[in-house]
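Should a chain be cited, it is by its letter among A, B and C, assigned in written order, with residues numbered from 1 in that chain.
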């Protein structure tokens, strides 16, 4: 281990300004941010999309992405101002004294080389260790990161190991030269929650053992709470506030910081209902020869919300495809108001199609970019209700008002709307058909927290006003708590359990539900430690 | 079976199937001729018996699929039938075997094409990589405009400009590339210099642009940024990180352009009156000498299919996902 | 890009909201910002189209008018001299704009109608039709286009109609592939699924949801295909199997006057004569390529790394 002077400043960024080039002009991404990091300290950088947190994280290494430029300020790393250094001078730091862990490990490993060669590449290049010495240490790191078969896993190629394992190997790669600073750029965002726990634990422990300073970038406050000593909140390229982790969580100064967990503040009281409007009965479905759904039974009560929860690959979105008729089930059926729906889309009547509407995760690709808001919303209204002319326009304006927008939006194209507005237009399009059941497929997961809160509240109000029944597909437990009456937990194409929200969230749980619920990070800096203790790691 | 072997075999099978269908298309050329073509070839004075004998020689009395297999089997053994030219109304037959017409010219064409390829391939790869590395620089922009201009030029325009400057105004090279089997190697190179140079200019532009695009595409991968952030130098990034993943796209670019060369050679041979397969084919098309057209077309098509097959196979054997299966 | 807001409201929600401009002003802005090469290209294309339309008004003599003196030198009577049988080169160059460009344009249109319709159908249908069309196109594309054209011309003969149909069919294979590929990218979009879930028919999905979104790449491809077709037809005419005399055509004019180039040392002007039609072909192709290059750069949205 290197001899590090504790508590001395390692990195100091002063009044940093960065601009990016897009749409034929330069605009500001980072607008004068200060940052200080001591040796062995972990700083969390948190913010939502467009906050500039990744740009700042890379800038801490003296690196700017193509199409970006530093227009002012200093980046002092161990007494050297990196803004004044050439690339070839900075290369002596990169992969040696400072390393980087990227969000998508799958894309960030070179497909042509073995993992152990990539893990040790920069260490050997910098002349820090001989090859066999570096290899031995890499295997030790694999072991410390709880990777399976640490002796041999390095002989594999990137496509031969799973995403969670790749992310840990990338951490090993960052640790290999024993750097002074590691930048973690959303390292667990692409992972499922149950996988995330192991990766988080492995990363936290190894950083602590080696006493490495780190910058941890994420949009998830509960994740950063487990990792960081200190947290800095960014918004639109400016600092909102900075505080020690516990203090930040207990008493944030700024309203914006509180809004970062605003979805968690919505708590919908659950209501029972006896009338069943939609029922999925004994459904088995296949993609080719792959058995995606196994004996699925789900009941949707009238005017209520059923949340379908599960990780990627659990089959929750496939249930939506079966209900809408996009995928014909091999066995079983879908009943609407106690009458069986034809299995395929083509067999359904206009009336049946009208009653079930869908809202998608990515509002961007759910709207035709060449159509105006009027085109998008008016089509279902004229198609199903046969409205024309002034009546149609009146209906469109009425729908816009229902979703808290107004007439001024009518001639805009989707590219002229913000993320939340786009999702609202998609909701209006679904409402335009006068549906009774609305399927929401991860409708909030691509949005910032404060926007999510707005959308969830809107959906709740619409449910009350129009007596809508929702099937709400999501992987996010906070969203489930905020919107559902009943919950269906899915895993590997099967329903683990279905019941009222209060029943599902109170123990005892089936094994998978327990794993899923306990893996969701909480706003408590001790959560990970306690969880690991409980799981006997 | 190892996935690489399996994929290569699949690709070979597909290549064979393509070749089969292509040969059927080329064979059907003779089927689509109007009914009175015998008369047209032998002349208006031809007696009905002569025409009938000619039709029988072509086997037109047999069903088409039998004739296809006769023709295909013959082609595999190097027999492409007999030329239509040299026949006349009296029934006298001084026609030549198609193979005898093509064989000496095939060597000439291959010589010209290889000469062009030998200069063009390394030159355009180097230019392509350089422009990709220094993209948006003045160098890149000028090369981009220059190549965009060159690919817009018809081959014969390039050829005549070269003739004007290097053969007519300054008599450095001959404007007619007449070679025969007795021409020695050095003389051959000298005489084919202008046609080879024309072809080179035309394909370098294409190949360089495609190489540049392929490399830029590759350099945008996240693992290249990762390599930069781990302190790799520009050379190391190109050689160690980009190149091992670039074989497939580069092979495709080269094969595509060599195939383009096959087509370009036709026009260039005509301009320089070079005794190659391309010129033979154009003459045969003008005189509607179908067996010769078929023979030439088959040769061009086989070359084209082979080149693409080789590129695909290079792509397969350098793909780490196939080389190291899960 | 963003402005700060303390209170939250959906209508006022911050986002990258672009200013709405009319198509005309947008076009004007784009044109003034266009690089020099693109402006040059647009200018040349306008000139050539003008020549093609008003050929009989501009040309001093008729297309096939024969004068007594063959191979006359450049003079005030005959700006670029006369050809091997005494026709005025300058007039034939102007009529050539109409014939050569016209034939190439008609061919490209036909190729797009065939390839575009089939490509769209294959992308939507995605079953046996797609399989059949894609395999057929694979086989057709396994024969070099010029060679295939030569085979077909040798069978059917070199008339203008045959030429247009043969080249259009052969070139439609490439249009098919592109249309199919870009349509497939659009077909998987959620908004197409929304339309299907609504119960819209195929024709509506094609016209309203897919076509508007695949238009920009198809327009760029139209320019590129036009260049390719134009060069192919010029090459065939040059080889003597394309547009046939006495129709004035740039490709065959190069061939007819090619022998003059030998006399460069004695009469440079005369030697330039065969290069004039060749240069005309090159100039138009360069112009179209410049415009397409600019258009692609504009619409691709991909910003090259610096």
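Everything below uses one rule, namely that a residue touches a chain if its C-beta (ideal position, glycine included) is under 8 Å from a C-beta of that chain, and two chains touch if they have at least 3 such contacts.
Please read all numbers here as calculations on a predicted model, not as lab measurements.
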item	value
Most central chain, Cα average position	C
Two chains sharing the most contacts, counting C-beta pairs only	B-C
Chain B and chain C, separation of their C-alpha mean positions in angstrom	24
Whole-Å gap between the CA centroids of chain A and chain B	51
Between chain A and chain C, centroid-to-centroid distance (C-alpha), Å	46
Numbers and ranges of chain C residues touching at least 2 other chains	305-306
Chain B-facing residues of chain C, complex	37, 138-140, 142-148, 150-151, 153-157, 227, 231, 234-235, 238-241, 251, 254, 258, 261-265, 268, 271-272, 274-275, 278-279, 281-282, 285-286, 288-290, 293, 304-306
In the complex with chain A, residue positions of chain C that touch it	1-2, 4, 6, 8-11, 13-18, 20, 33, 189-191, 193-194, 196-200, 208-209, 212-213, 303, 305-306
Residues of chain B that touch chain A when the two form their complex	221-223, 225-233, 236, 241, 244-245, 320-321, 324, 326
Touch list for chain A against partner chain C, complex	21-22, 24, 27, 50, 66-67, 236, 255, 324-326, 345, 348, 350, 353, 357-358, 360, 362, 365-371, 379-380, 383-384, 403-406, 408-409, 411-412, 415-421, 424, 429, 433, 450-451, 454, 458
Chain B residues touching chain C - in the complex, by the definition given at the top	18-19, 21-22, 25-26, 29, 32-33, 135-136, 145, 148-149, 151-157, 160-161, 163-164, 168-169, 175, 216, 219-220, 259, 262-263, 266-267, 270-271, 281-282, 284-286, 288-290, 293-294, 296-297, 300-301, 304-305, 308
